[in-house]
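Here the chain labels run A, B, C and D in written order, and each chain numbers its own residues starting at 1.
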Amino acid sequence: MKQSLIGALCVIVGVGSAFAQTPAKKPATKAAVKATPAPAAEVKDAATLEFEKFRAEMEDSNPAELFEAKGEEQWKAKRGPKNVSLAETCDLGQGIGKIEGAYVKMPRYFSDADAVMDAERRIVWCMVEKQGYKFDDIAKQPFANETFTPDITNLVTYVAGQSRKMKIDVPLKDPKVREAYEMGKAIAAYRAGPYDFSCNTCHGVDGKRIRMQNLPNLSTPQGAMSGVQGWPGYRMTGGVMLTHQWRMGDCFRQQRFPQPKYASDAVAYLLTYMIGNANGQVYKGPGIKR
Amino acid sequence: MTTKIFKAAAMGSLMLMAALPAAADTTHRAKAIAVIKKDFQPRGQAGLDRLAEDGLQAICNRTGNNPPAAIANQMQADQLAGVKFPADGKLLGDWKEGEKIAQSGRGFTWTDNPGLPVGGNCYNCHQIAPKETSFGTVGPSLYQFGKLRGNNPDIQKYAYSKIWNAKGFNLCSEMPRFGHVGALNEQQVRHLVALLLDPESPVNK
Amino acid sequence: MNTTRRTVLKSATASGVLAGLIAAGALRPTQVLAADWNKAAFEAHDTAGALKGIGAGTPAESKDLILKVPDIAENGAVVPVDVVSNIPNTSSISILVDKNPSPLCAHFDFANGALADVSARLKMGQTSLVKAVAKADGKFYTAQKEVKVTVGGCGG
Amino acid sequence: MADPMKIRAQLKGDVTEVRILMGHAMETGQRKDAAGKTIPPHFIQSMTVDVGGKKVIDGQIGTSVSRNPVFGFKMKGAKVGDKVVVSWIDNKGDKRTDEVAVA
């Protein structure tokens, strides 16, 4: 009985755990009240500090490395109907096969596709155009669950790992990228749906939180970076590897919007706005998430 | 269901929108809306109808949530006029039920079962009863709400109306219009009123 | 529960599969020894049963056994734990989560220069005591600490 | 076939630190899938660490170890270049052996 309840909890993903009821947290909060009748802000800070103490240890051996290793194998292998490797055909903006530092310089404009593309969208484009995979097949189940991790997730994780400790450098001077940035900014501000929510409802001001979850202000460099850092990320809940594209979709889910299409302009523009705002900050590579 | 309400609200505000300066709708916004319309797909209970702005959303979006006072006042009055009160006139329900509703954050997402009741999401953004230390800070603290304001019929009506449709008081408030969009019914809203105002509620202890 | 499955598995792994692998030279002898899984201890549903299973009985509390766990786990699905024994001649360390359906999480035997210092990551279904048990010169010692769980781990 | 492990073995002073990352579902047998069906248990039961041809760690593992397990061990007496061999076997008989040299 208890196990099945916990099992169900594991299905709740993302900040969803903060939005949804979390019965399992009860013991902690009760104990916290006993210890300190003070406002919860202090309790949160203690908890946050405690989490941070173990952050480094968690990041030191991050299961994301397993997906990164698989992605490397898949990047280098001849695959797909055309039996070519991405290493010998795919240009992530730094030249064919050059992936060091490519992740932190996307989204960028690709003339061969005539589109602004984030890393995941670009790799999908290469898989379709160069290797001959069908987009619809990839888009059918583009994100990992507890029993399945799509190749694209491994590939993105590998490519992201090749930008460890590098500065975010989205080429906002490129007019096409700047245009995408402005559109992303407008998408982030767009209120609609049954609850009148936009991205900015939660992520437009400093110092707020939903339940205990701190809400980064995506319009500031530090805030935007905390929305970029750790993606793609290994999510402890369920133990699945998830990408930045997935995270954008989950925000819209909680915004009570319909679902953004996979590898679409809308997601690429939003990512351009967000990652562009984080320009100059250091990316630590694939991360680990709650 | 929500679509119908959106449409009704949109009608009333069409003329108001015409009064806004044309420059308020930037080319980026117009293009962004086109991208949104093109790049979303329905999933679960979240249909594409949710992407359409109703009149209020359009005004807030176009003005950066800072509409001219004349428009704001008139539209707020419209929103407030739509608040539906219980037929028996009783606005104070059971605070214990209210607490349960305040705790739940479920409802309206594409992963929620549309057949299940929708939560009030209250603790996501507000401090309320002191026992719950896991609360958000997007909205103001509601701890001691009734203790500070009393529990007279006017306060009850205010609290009820605010939960039903926060936009009746602040047009571009970040708080959802829980009653207005059919997320919470009269019964649920008055339980929440009790959570805030009942002297027996832990909020006021 | 499900004894049939276990019996089948046990016979398959312990005798059939492994014998085949040894014959094929795929496994070296040490690995075969490792397959000697302490079923009674790992499938015990309470800490007392698990302790009995590893032969620890009622271990004595020791300040020389250091258990490092978070006060509050960020996620019960992944709780980092680190155990160091400063008790001379420590030959094994076991880690238990009191309130998990099967409390015994892991057991390590040390040899050939291994230090009594291990780290692992555990699932915790709820707030619980985490225990370390060390064996040294045939005696058992223990240390424990409570870990508060804010989001439960997946069925652990 | 099981995915490769990631193993790191570093000599710091006279102590060698070994970190191991294993790709495994570590199913408890108590979870249910979306359709309400119990997911059968599938977890690593045993693991060994051999360094320089000698068994250093003999480990037994239960279902309470996290998915995609991470372990850390320390030892004395190893030198740079020594071969570190890690093996595991799970309750279904799946197994994996990987190795790395002490760096």
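Everything below uses one rule, namely that contacts are C-beta pairs under 8 Å (C-beta built on N, C-alpha and C of every residue); 3 or more make two chains touch, one makes a residue touch a chain.
Remember, predicted model here, so these are calculated numbers, not experimental data.
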| item | value |
| --- | --- |
| Pair joined by the larger number of C-beta contacts - A-B, A-C | A-B |
| Geometric centre distance via CA averages, chain D-chain A, whole Å | 28 |
| Gap in Å, rounded to a whole number, between the CA centres of chain C and chain A | 34 |
| Separation of chain B from chain C, taking each centre as the mean of its C-alpha atoms, in whole Å | 51 |
| Of all residues in chain A, the ones touching two or more other chains | 3, 6-7, 10, 22, 25, 212, 236, 238-239 |
| Contacts with two or more other chains, residues of chain D listed in rising order | 28, 30-31, 66-67, 70, 72 |
| Numbers and ranges of chain C residues touching at least 2 other chains | 77-78, 82, 101, 119, 153-156 |
| Contact pairs between chains, per stated definition | A-B, A-C, A-D, C-D |
| Complex contacts: residues of chain C adjacent to chain A | 70-72, 74-78, 80, 82, 101, 119, 125-127, 148-156 |
| Touch list for chain A against partner chain C, complex | 2-3, 6-7, 9-10, 17, 22, 24-25, 27-28, 31, 46-47, 50-51, 53-54, 57-58, 212, 236-239, 290 |
| Parts of chain C lying in touch with chain D, wherever the complex brings them together | 2, 5, 9, 12-13, 17, 21, 27-28, 30-31, 33-38, 42, 77-79, 82, 97, 100-115, 117-124, 153-156 |
| Residue ranges of chain D in contact with chain A within the complex | 3-4, 6, 8, 19, 21, 23, 25, 28, 30-34, 66-68, 70, 72 |
| Contacting residues of chain A [partner chain B, same complex] | 16, 18-22, 25, 29-30, 32-33, 37, 39-41, 43, 182-187, 189-198, 201-202, 207-213, 215, 252-254, 256-261, 264-267, 269 |
